[in-house]
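Okay, so chain A shows up in both of these, paired with chain B first and chain C after.
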Partner chain A sequence: MAFGRLTGLQGMRYRGGGPMLAFLLHRVTALGIILFVGLHVLASFAMQQVIWGDFGIFINTIYESPWFQIFVIFCVLYHALNGLRIVIMDFRPGLLKYQREALWLQWFIFVPIYALTIFVVIQRALAGG
Partner chain B sequence: MMQTRVVPQRGFNLDYIMFIFTRVSGLSIVLLALVGIILAMVMGARTQMDLGTLMRWTFFPNPNHVVNSDIPDVTLGWANAYWSTMQFLLIFFAFTHAANGLRMIVEDYVNRGVGQLLVRGFFFLLWLFMLITAIFVVLSS
Partner chain C sequence: MEATVKIFRFNPETDQKPHFETYTMPVESTDRVLDLLEYIKGNFDGTLSFRRSCAHGICGSDAMRINGRNYLACKALVKDVGLKIKVEPVLGLKVIKDLIVDMDPFFEHFRSVMPYFVNDEPPPAKERLQTIEERERFDDTTKCILCACCTTSCPSFWANQEYLGPAAMVNAHRFIFDSRDRAAAERLRILNDQFGVFRCHTIFNCTIACPREIEITQAIGELKNAISTGALE
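Right, the complex of A and B next:
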């Protein structure tokens, strides 16, 4: 890199690219799934008790909203696909040469499934389901 | 002050075991989800379930989860040992995977020593608590 080629904000930008985004999204989606599943288990537990039933219903209304569903579907689908890519790459290190291509393939698989699913979710939400 | 992260040691230790376990449990969760979604389809999900119910069957096939669908005899036909085993496997794999993942994320920012010990103790207790709670929910539903 020649001296002074990138200055100012351009020089400060971290150019990790696709793999960095995948690493970041893997962690963020993991935290999203843990948030949802943890709340879901605690809400299910609270629903079974006499005292904490209102608390369970309160949490249920949060994650039954279409916004939260769209977020959770993104988390689960991305984490599953990215995890499968990591498993394949770890057990066949030779394929690491094609990591960037694999990331694009992963997005090409992710986008249609996710689009179809949130289409159904939004359709149901608009229909008042 | 910024410090470099301590790289896990080589050998048969916790990091190595959990590395293998994370991969195996991830594959197992995907496999269990596929079995759940395929068997839900076989049992008539295409015409009798909405998307939410199908997702519940996919990730946590509990009869309590599908009360809202139109399939008759939910409690009689589907609340058997097979689906209970599926649930226990999913609970064990998912919570162990999750607790270990949280431990790995936090340990990226924690040095070796007392901090690491506290982090591991905390996530072990959290793992135990969530495991017991989830199994209690399944058994009493």
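Right, the complex of A and C next:
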């Protein structure tokens, strides 16, 4: 008798480094986007109903809150940039040897854009917009 | 210097579940983790089971997870992994005993990509010649020793054992890009399966884990490209 395959949480503990973190973040941010779209669909549906209107508005306030927006922007931006990196490398396998540099470049593009968006979101929130 | 080695133990005859055992021993910074395992087997517990053969990074027997990532125990030095060492079997394959895993699924995938030279044309009088550039084309992937460090570091393989895995693809690459071989199309058809190259999500664990420093993700990228463009560049 053999012991089953060790995967799942054991896999999460595997020390793969930067590229594996990018892979995990890609999955997590995808779930974040699904959560956002899901809530959006649910809220739109609920608000059309006679009895669930308040519930719809409640969900609306969740995903329209600045905190949720900051989270969603992170998900969308990271997912888009990381996806783009993978697509480019898939088309140009020769670039794969520069994947470390590509990951850094990705963060260099990500940080300013994300910082700027957070700045705008917070500024609007403070201004009561 | 003293090192503490924590080892995954599982005896299928007595244990329901695996557990860890810890051993402390004198070490040199240039000792290999394999030396420590031998020391434990010789001095503390003769029942500790692990595979080894050449002890020089060539046979590929002793792939295992050391401090959370795959290494060949015979190539991992104490000075590289530290004095607190945790040794576990590789992920994604069944554990037979202690650090020994069932390699059958791994070799099945290896066999499935036709990892041998195919050319039915009558051989020339002397030998099938190849230019230096043609030989260079697949040089990197000839270095594979089938240790499974790559395949068992791959999340796509952990998720689904049907996935061919990096090692099989590296060996397919070795023949597909060999100018003397004639079965590239057939191999690419095998790789273009739902459990083939396109399950590779460019995670790079394989490339980092490879003790032979093969650019595995790049080799897989070249295979993806060959399938989508139909050209062997």
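Points worth noting:
As a working rule, the second predicted complex is superposed on the first by the 114 of 129 C-alpha atoms of A that agree within 3 Å, B and C clash if a C-alpha of one lies under 4 Å from a C-alpha of the other, contacts with A are read in each partner's own complex, and residues count from 1 in each chain.
Here, contacts are C-beta pairs under 8 Å (C-beta built on N, C-alpha and C of every residue); 3 or more make two chains touch, one makes a residue touch a chain.
Remember, predicted model here, so these are calculated numbers, not experimental data.
Legend: residue contacts after superposition of the two complexes on their common chain; A:34 is shown touching chain B, with no touch to chain C. In the superposition on chain A, A:99 makes contact with chain C only, not with chain B. In the superposition on chain A, contact of A:45 is made with chain B only, not with chain C. Of the two partner chains, chain C is the only one that A:23 touches; chain B does not reach it.
Legend: residue contacts after superposition of the two complexes on their common chain; A:90 is shown touching both chain B and chain C.
Once the two complexes are laid over each other on the shared chain, residue contacts for A:14 go to chain C alone; chain B is not touched. Counting contacts as defined above, chain A residues 86, 90-91 meet chain B in one complex and chain C in the other. Considering their complex, residues 10, 12, 17-18, 65, 67-69, 88-89, 91-96, 102, 153, 155, 158-159, 161, 201-205, 208, 215, 217-218, 221-222, 224-225 of chain C touch chain A.
Within the complex formed with chain A, the residues of chain B that make contact are 23, 26-27, 29-30, 33, 50-52, 59, 94, 98, 101-102, 105, 130, 133-134, 136-137, 140-141.
Of all the residues in chain A, the ones that touch chain B in their complex are 27, 30-31, 33-34, 37-38, 41-42, 44-45, 48, 69, 76, 80, 83-84, 86-87, 90-91, 117, 120-121, 124, 129. Across the interface of their complex, chain C is touched by residues 1-8, 10-11, 13-17, 19-20, 23, 86, 89-91, 93-94, 96-97, 99 of chain A.
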